[in-house]
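Next up, some structures in structure tokens.
Consider the two complexes below, in which chain A is the common component and chain B and chain C are the respective partners.
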Partner chain A sequence: MSAAVLNQDLLEAAVGRLAADGLTDLRERALVRFGETGFPSVREENWRYTNLAAAVELSNAYLSDAPGAISATNVDISQLNDDIDAHWIVISSGVADPDALAALQDDGIVITPLSESNDSDQVCIDDPLSSFNAALLHDGLRVRVAENARIEKPIGFLLQDDAAATAGLSQTRIVVDLGRNASASFIELHRSGGDSAHFANSVVQMELDAGASANFVRIQERSTKHMQIGRLQARLQENTTFNFTTIDVGGKLIRNDVAVTIEGAHAVANVCGVYLADGNQHIDNHILLDHRVGPAVSMQDYRGIVGGRARCIFNGKALVREGADGTDAEQSNRNLLLSDTAEIDTKPELEIFADDVKCAHGTTVGQLDKKELFYLRSRGLSHEQARILLTRAFAGHILKKLPIENAKKYIDQLIERKLDQLTGDTDQ
Partner chain B sequence: MSSEANDIDRLVNRRYEHGFVTDIESESLPPGLDEGVIRAISARKNEPEFMLEWRLKAYRHWLTLNEPNWAHVSYTPIDYQEISYFSAPKSDADRPKSLDEVDPKLLETYDKLGIPLHERARLAGVAVDAVFDSVSVATTFKDKLSEAGVIFCPFSEAVVNHPELVRKYLGSVVPYRDNFFATLNTAVFSDGSFVYIPKGVRCPMELSTYFRINAANTGQFERTLIIADEGSYVSYLEGCTAPMRDENQLHAAVVELVALKDAEIKYSTVQNWYPGDEEGKGGIFNFVTKRGDCRGDNAKISWTQVETGSAITWKYPSCILRGDNSVGEFYSVAVANNMQQADTGTKMIHIGKNTKSTIVSKGISAGKAQNAYRGLVRVMPQAANARNHTQCDSLLIGKQCGAHTFPYIETRNSSAQIEHEATTSKISADQLFYCRQRGISEEDAVNMIVNGFCKEVFKELPMEFAVEAQALLNVSLEGAVG
Partner chain C sequence: MSIMLEIENLQASIDDTPILRGLSLKVGAGEVHAIMGPNGSGKSTLAQVIAGHEDYRVTDGSVLFDGENLLDLAPEERARKGIFLGFQYPVEIPGVNNAYLLKAAVNARRTYQGQDEIDAFEFLKLAREKMSLLDMDPGFLNRGVNEGFSGGEKKRNEILQMALLEPRLAILDETDSGLDIDALKAVAKGVNALRDPQRSIVLVTHYQRLLDYIVPDYVHVLSKGRIVRSGDKSLALELEARGYDWVQEAVSA
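Our next item is the complex of A and B:
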């Protein structure tokens, strides 16, 4: 099968149509950069399980239609606040409502459009999807949390794409800096407004200065017609803490890349995730924990429940570089496979170039423990009840570690609904 | 200063005891590879037409392939036109009928290796089909084996005497298009071993082949084919040593195992080829394709390997678990010291129902070596109740070495149960201190700890191999701690 190739001429024309602003130079650089690589193909090790052909085709179709300005998204903010109490910022194709940004200016946190922040050289274009993202950026967000600031209420980004009638393509970029000893929590909520085909490509960059701590929860509940590639990269300086959890229940083709680089001693990184898939969903989680300095601690903990004809991928990697002594890196990936047409591909990697390290990983793929089922049945639960209870507990392992309390209730309900759907359509 | 230099000399020489070149005239083809070379190899071995055609088909396909670069190893590119593809000890026409007729120089070589063929073979009850370079020159215990109906002979003999078996099974596990190195092997393979165990026969002894690479500039391309017919059992040992020299030698072997219904094959390897010196100069490139096919129900294939040699090891002994209830096992110890690079592991492909596989891999890195485990466990949709357990542990000795784990687990059946565990650690100061405090030297302490770390694998080896493997391990890690 020949790999789908993005039409560079169409891309160039589309980049040219974007209004000249503070990002023009970045777009040009990103365009050249993307031209050198194009989209990754399944022949590349990191993409062997995820074929982007459909996303590339959609992009070609979208770019050839010479799309115009983006339309604002209609979102009921009060409903959103009922769901999760946070400072919500609605982002459509990377652009946020300036009034909403202005409302947030005082808490030691400043959020400006990326085009006005005069530091577009901070925008990463190192990998193909980041350069594609930067080339087509309408705008992005620049978030700065001041030194020693403690932001109590989470900052919520709603990434909602209203692709009502036509196929859509959207790029979102959020660049976050946390000053020394600052702390803040972020929620990234991915939703679909319409139900036609859409390809969303988002990149979040986080810089944690010494002593800073950040919680980040990503909730992805896209329509099953939507494709999404989301990249989150974080750089941790000394004594920082970064807690990340991703919840994936929706989407047709989802690819999450999480890259955490530990550049300072005594940093702690917790990267967790739950993925629930059925139907024809495809969810791919790639995590890279790059230990450049030790001592530091990292934990990757992902759990998946997969049914229908879905396919889920976990590829976690802990890289311990020469000199990163005192590293303690752990990986765990456990999966429940609910149907014979579903597939789980898991690849927990360790690449270690230092000797004073403690690294371990464990992976399982299987079914619910028969002994546990029997135990519950012996206590009078029906097979069905026991199965549902244990399946919930399986996902609950990650949920109980959720770093943002405000999001807990909403996520519990979301998972519950998805589990009902998942456990309902199997007959074991 | 000079005593220091002497020490180093002593260490280097001691570390690789089998480094010497036996000076016998080799009848080699000039370096280079084209269809003419392949025809010449085939003609020299009196092969039937189908073999030549198969070789040529492979060669033509090989020309379309690129050398793989995904492994976690790096080396200067190999010039395939610089290699001589055939080398046979002289007097090929009248082969020796018994050991007395064998070139005394050859026997001397085996003496230096510590395997006096006639004695050791009898003592250990092992039939040795020794491959000296490319052509087998001595085979013992043939009578006893033929009594049982077992065919154990050099590959080239099998091609002539048992063409029907060769034709039926050769390339049925590793097809000629399989991969770059296997395809090259198919085109140019010189010799190897052929084993056929008839229905219901338990092979009366452990079969063993000692391979040696000898002539300068000669890549060695063995081909081994083992067929265990229904209900049979065989244990096969393969051990390797090679002379010391400064040029990289390419070794691209192919091993095919076929286990039919209720049959069992146990294949054990101790690989101790020249790993190159401290700077990584010289040493063998060991790019091997090994695969076993559990073709019938209840078949079992077990791979055990102790890999201490070679500059680069690129090797993934695999099991295709086709028959229902078939079992695949892989036990491995891979040691890499100095500049050695190892990228090794296994593939377990579960196709039949109730298939089981076990993987135990122990990697030890020291010096500036890189040691990677790369494994695949794949459960196909029809493989109900497939079961796999994988344990891969890495031990690091020193600041500059690397240990890597790349496990691929692909599951497409909901009744499958897959577990994978891995750890990476170093020999702790506490462990060493404890041993030192009890009067054990640092080197002995390290050996003890390492042997303990590898115990799970060593216990799978046949007795005489286990002893050799432990000694080898100690030698391989000499000078690693200090």
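Our next item is the complex of A and C:
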């Protein structure tokens, strides 16, 4: 199959239709940058498992008739407010509901549309998906947490791309700065507003100044007709803590890139994930932990439960640069395969150029432990009961470390529902 | 006295290696039997086969429990009928809450017996009561099953499960191994508290020491997959004094 290529003329025309605003210059630069690279192909090592041909095709179709303007969609979030207590901001095709921004009053936090923030040079366009994203931005969000501010209630971003209204393609950009010693928690929730084919491309940038700490939980429960590429990049200065957990249960083709750069000593980065896939789902998690300075600690801990004909990929890399002494980098990826037709590709990588480092990695792909099953059955639990209990416990390892308490119950239930689906499937 | 467990010419193998080679044993209701023998004689295999471990293949013989063929039953069915295996090496199951498992186990048994499920309050009360008997910290209830438990704690947890499940037949596989004297006494106390005319206990052990605290009615010596000698508790003392070579030589002679 020849690789699909994005039609640059269509892209240029679509970018040209967007109204002139504070992002115009950024879009122009991004357009040029994207033109130099195009979409990554499976010939690139980092993309060898994830073929974007369908996403490119959808993009071309969308771009030929892309609207010049999009207004914020009205989404009822009363149920969501009950489910997860957070300051929810609905973002539809990258455009946030202005009322939600106005309503968000918390000492120490300011959220504005990206087009009004006057610092579009902060918007990263360094990789193909980020430049594609920036070129087509209708708008984005700029979040600033003031020095020493402690934001107790999580900030929630609901990325609900309404496929009925804006079929095809959406770009979301959120740029977050946490000032010195600031702390805040963020939830990014991906949902589908409709069931038409859709390709969502989101980029979140986080800057943690010295002493800051951030919790970030990403929950992806899109329809199985949606494709989504999500990038999260964080830069950590000294004495910062970044706790990230990603939960993937939905989507047709999902690719998550998490890139954390440690630029200050005594930074701590915990990057965790759970992915549950069945049917023909494809979920690809790529993580890059770039240790530029030591001492610092990073942990990558991902677990997957995969059934049906689903395919999941874990590619976690810890890069310890020269001079980053005192680095402690750990990686773990464990997977449960629930069917013969499911596939896992797990690839932990360590690249070490410093002398004094402690690095460890371990991966497993397998079935439930027979000894554990027998133990539970010998206590009277049915094989089915034992299997479900052990499967839940397997995912529970990550969930018990979830950094945002408010999201815990919702995620537990989400996982539970997906596991019911997954463990039910294997009986057939 | 009614026979609870009746094993006749039992032959079982793992990975085509025969371990049990024609073992016969009868255990009456209310009796305590000790099965002793050197390493590799088949003691643990016997315990696992009775509990229904699927890695062992029974090639001949029969095992009847209350006159019913046990070998056709799944492990959980055996458990619900009242068979309990105290594991030599209880497995750690991180993420599965100990209280949850205990309650699920009690309810599996209850449902089978046509009783209502135990409610949370009643269960907690019962669990605390049994834990105090075994000198166990109630905090164990909220931990993962055997997760990070010391060897002694794991064995106490097995006895706690037994105490809650009130089995009709308990097989305790080297419950004494790796225990210090205090833990051994606590475990023995738990086992002795369960002695009952309707309940049978099979103690699988390598050492005589346990039998000072749980006095058996019968002692059997296992060698190469068969019972080669049976007697009362004095047989255990004789074994302790003369060693296993003595019975093995006696058999070969």
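In the analysis below, the second predicted complex is superposed on the first by the 416 of 428 C-alpha atoms of A that agree within 3 Å, B and C clash if a C-alpha of one lies under 4 Å from a C-alpha of the other, contacts with A are read in each partner's own complex, and residues count from 1 in each chain.
Everything below uses one rule, namely that a residue touches a chain if its C-beta (ideal position, glycine included) is under 8 Å from a C-beta of that chain, and two chains touch if they have at least 3 such contacts.
This is a predicted model, so every value here is computed, not measured.
**Q** For A:T346, select first, second, both or neither according to whether it touches chain B, chain C, the two together, or no partner.
**A** After superposition on chain A, A:T346 lies in contact with chain B alone.
**Q** With both complexes overlaid on chain A, does A:L337 touch chain B (first), chain C (second), both or neither?
**A** In the superposition, A:L337 contacts chain B only.
**Q** First (chain B), second (chain C), both or neither: which does A:L376 touch?
**A** It touches chain C, and chain B stays clear.
**Q** Look at the residues of chain A and decide whether chain B or chain C touches more of them.
**A** Touching more of chain A: B.
**Q** Output check: A:C359 vs chain B and chain C. Expected answer is one of first, second, both, neither. What do you get?
**A** So A:C359 only meets chain B here.
**Q** Could you look at A:R392 and tell me whether it touches chain B, chain C, both or neither (first, second, both, neither)?
**A** Once the two structures are laid over each other on A, A:R392 reaches chain C alone.
**Q** Look at A:D126 in the shared chain and tell me whether it touches chain B only, chain C only, both, or neither; answer first, second, both or neither.
**A** neither
**Q** After overlaying the two complexes on chain A, where does the chain B footprint on chain A coincide with the chain C footprint?
**A** In the superposed arrangement, which is not itself an observed complex, chain A uses no residue for both chain B and chain C.
**Q** In their complex, what parts of chain B are in touch with chain A?
**A** Within the complex, chain B touches chain A at residues 70, 381, 394, 396-426.
**Q** Could you list, by residue number, the parts of chain A that touch chain C in their complex?
**A** Going through chain A, the ones touching chain C are 369-372, 374-383, 385, 389-390, 392-394, 396-397, 400.
**Q** Contact residues on chain C for chain A in the complex?
**A** Contact set of chain C toward chain A: 51-55, 74-76, 78-80, 84-85, 87, 90-91, 93-96, 100-101, 104-105, 108-109, 112, 144-145, 161, 165.
**Q** Under the stated contact criterion, what part of chain A meets chain B in this complex?
**A** So the residues of chain A in touch with chain B come to 45, 322, 335, 337-367, 428.
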